[in-house]
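What follows is a pair of complexes built around chain A, which joins chain B in one and chain C in the other.
This part shows the complex of A and B:
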């Protein structure tokens, strides 16, 4: 951040002056210069917008809230990975294809080769992270732009997903996973509904809606939400409180300078590609176990949604600047806008126009706020 | 300068808000949501959208048409959950993938929202979901009917051009055709993709490497139009004993008139859009609903009855 130096002129040396990099900024000032402040303001704007336009449509009833929170959580998972990678100075366009691919890796061996479902899930994570590492390795080694290299993986993974599923199963939707997964530990891990008793109690006491069969309108918190929260919290702590976090900022800010001061830039970047692959696999595992099927067109265009979330959240496309909290707020904005537009009843032909316009407004608003408070020009 | 940007953003947001408010509050009648599985790029659904507009006007209700922009069925499940949360008076949905949509549709039924299923899916699946009825064309039977027609024409080796391979119903159509013909499906189903240039070239490559193919089945305008273009470009229509397509558009009806294509399987999509809205309206207002499922197809459009159909193809047929 370009702070003007307030050090006194060299002619009048003052011995007790503190190095300006070590001066304590006021708490207020620090808060205002956070990368995620704009996203926070954008999120508030979006909520005001939908409170006005969709306040009485069920969007803010319990099942409506769960609906847009689920979409937000999905995006938070891949958005966190994308944000970390983007701060580290690279992109991963293979996230969406990775979601489709790992879903098939979970479903096909389980159903067609009799592999225990837990092993299939481990296999999916191992394969995904190996491919992520390969992406990173190629980029670090060849110094090609990550945009191109991961675009190649986008096509190859999507193609592999279709080709392998046709080869092994002669179909592109592999369903019927529920009978293998029901009751298993991994199914619980990725798709359990938490605190059903609590939600029943909420419904019994009229705090949330009840269905006609006296079940609560929301049966519980899906594990997806917990995964999103855990990944975001870990991502945030690693980025802001650890040495690895500083390495990430340094690698994205200026890779050469970082190398010169001893930051293991290559290792950092390769690990970050493994993180995005890991996040994509968590996304697909939650989806596969929720729906009991994998399809070769799952995750289409999700790589862009992940990048959009990170950018709305204040990550710079050039790297070296951004935050995980911002990416999560970006995911919230995107999730609320995406589902909220449906609640307003806007005609669907215009849906994507509205979506694009809302996003542009959120990003403009966000960057304007940030520029105002940080005094950037 | 900066404050004007901020102000403009706020003004734009409030205009957008105002526009949306007016669209939601200008009707007070029953509100139905129609959820399809079709990606934005699938033009065939235009007939259904027109049918919904007519039904909206005739019944004095509002209908919101929703679809997953990329055709991802998992996204479609979210849209059904969203529609359920918005408390509509009725829900119409396709059963593009029973497993994926099961919990979402059952959630709507559990909330007491009347549901009618249309288009993709079977009557049994519809019943299992707790829907009131299914309005559509039994896909396997329609494919089989086409296969039997092709057999009568003397087809022995065929190509089934599948432009929507991730939809289980599409595969059933090809399977039905193969069974009607009495040959195994094997490698005769082609995953063509939806881009016309891609379809054209994949079909060209397939026919070059399988020169003994003498029958073609296409699963809709997205695969039929490029195939028609191929047949016209190469002048090879006479080589095929039977060329049949699912569904209709203006290119297909012209091809039937010119003798390039033998028949189109018409599932009369207009009815799949119009009827569920009419029936749901009556159900909500007076509690009446037919006891049976409705088969809107298959009807075969050939050279004999094309004149009637042609005028309305792509709009209402």
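This part shows the complex of A and C:
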């Protein structure tokens, strides 16, 4: 063993002999430099903490799990979009307003103008992505910081949502969508519960809890979870395994350097704004079909939650570094803690304190990682 | 199941015959509004030659190379590549014509891996059903091999470029341009931010590139670095060509004097003991 490691050092560096020790070291180093390492450790800690403090409260029973998984899935959807955009070097603060806006675009035309519900949903996606593209276009063209441009769209969209819903319906909460949507394909697409028979069977056999009316406590896997999983998996694969992923990293790492070697930076950034808008619309569609209503204040502050999930997941605020897996773990931490605090019975205000502290720790940790990766001292 | 069609973005290029003119510019003029940045510059870059572009700040070096690399369009003048007159609309056009520019600071993205930097904008892709994925194994092995050829042993091509030294980064950028079939390499002050040892790494690599038959335009402030690798020297001053000299015709000191250009500066230089 010892002889082996001495031999390559004496030979020319062109030899194909690989020193085992070095490989192991670099793999270790590569693992330590993973953007999602901190979020993974955080998630493990959070689970241990609540297993101890809330282990006997039903938090880890089937309905409890569904509870925090729902929050996690919602945040995974917009967090994936936010992470991709942040790696591409931009922010989108209009995500929250977009959720409120697209909810209304689904509800109002269906209920008040008689538009088929499927068309309303398509309209919501088209409008949202057009607004996303416009955000991106303004930012790419004017080279203004995305922070300020999307802050403007945050206010304009929210105001527009309230103003238009009052104009058309004279109210800010539009309910009664269920009668239009029940049985429709889009309602199934965004709010169906998967495998109800299996969950009934689980309840009948006492594996999961039953409600007093003998329904299972968890009627099935909500489509929301499936959407979150699909979006996250696609986001992760595109980012790490395709050339578009390489362009996203390059655009966020150094837009000029990327342009100089022919990366279509503007197209990448505009597309990423359309992706965040798409994710926001999926979020709102799931919510609208779940509740059967839309409200103009939906999605308030969600843009920050999405960014927090991405940052806890290891995305650098300056772009060019991060991962979708990290953002999903960030969303998981968020969901577990927000719901876990309710289960422990502590005042929910503590969640905000925790969130702020978590964010600060994550940012400090990320800048350490960044120094390790770039070799800065 | 897997259709392993690896589409390499470029193949190693056949050797250029030495001495053929690759780029010719004649009376190149560039105005920015009322400012005359280039007032008639002429130069010829030949295969297998290192053409050094010397000049003080404001001499028009940057404008010239940005024009050659497709960032700016010349106001007037002839720009001939491989015997054909060209107008580049973007850096991409220049790249496609075989003119690759390695900018001083903008060459590499420190946070990205060596492989991702090396193949940035020209990722090798592999088909898997209807989807195209980046062929990371292929990219890693090429990046590692190309770096090995120039004597830089990167054990892990997935490591971030930020972990490399400044000289190594310049070398990655140059190796990338060479690999992707550049005929003319424009190096913008590749040594200005480097220490002595790192400078020699880069200069050595420039020589290797020349030996492969590429034309190199080497922009520098440093006459010593230019003289170490250059075959031919063009001195710019105030947007004009002050002269083009072959290495055998001029000494290092004469070149320094030409570059200083101004009589007053020469006097000052002598006052300071010729150390400027």
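Things to note:
We adopt the following convention: the second predicted complex is superposed on the first by the 317 of 377 C-alpha atoms of A that agree within 3 Å, B and C clash if a C-alpha of one lies under 4 Å from a C-alpha of the other, contacts with A are read in each partner's own complex, and residues count from 1 in each chain.
In the analysis below, a residue touches a chain if its C-beta (ideal position, glycine included) is under 8 Å from a C-beta of that chain, and two chains touch if they have at least 3 such contacts.
For clarity, every value in this text was computed on a predicted model and none was experimentally measured.
In the superposed model, A:197 lies in contact with neither chain B nor chain C.
Once the two complexes are laid over each other on the shared chain, residue contacts for A:114 go to neither chain B nor chain C.
More chain A residues lie in contact with B than with the other chain of the pair chain B and chain C. Once chain A of one complex is fitted onto chain A of the other, the partner contacts of A:206 are absent, as it touches neither chain B nor chain C.
Legend: residue contacts after superposition of the two complexes on their common chain; A:183 is shown touching neither chain B nor chain C.
Within the superposed three-chain model, A:301 lies in touch with chain B and out of touch with chain C [touch as defined at top].
Shared-chain residue A:63: touches chain B; no touch with chain C.
Of the two partner chains, chain C is the only one that A:243 touches; chain B does not reach it.
Once the two complexes are laid over each other on the shared chain, residue contacts for A:357 go to chain B alone; chain C is not touched. Contact residues on chain B toward chain A in their complex (touch as defined above): 2, 5-6, 9-10, 12-13, 16-17, 20-21, 23-24, 31, 40, 62, 64-67, 69-74, 77-79, 81-87, 97-100, 103, 107, 110-112, 165-168, 171, 191. By the touch criterion given at the top, residues 91-92, 95, 101, 103, 106-112, 116, 119-123, 125, 131-134, 136, 148, 151, 153, 155-156, 158-160, 162-164, 176 of chain C touch chain A in their complex. Of all the residues in chain A, the ones that touch chain C in their complex are 13-14, 22-23, 26, 29-30, 33, 241-243, 245-247, 249-250, 253-254, 256-263, 316, 320-321, 370, 373-376.
Residues 45, 49, 52-54, 57-59, 61, 63-64, 66-68, 70-71, 162, 166, 171-173, 175-176, 178, 211-213, 215, 217, 287, 290-293, 295-301, 339, 342-348, 351-352, 354, 357-358, 361, 364-365, 368-369, 371-372 of chain A touch chain B in their complex.
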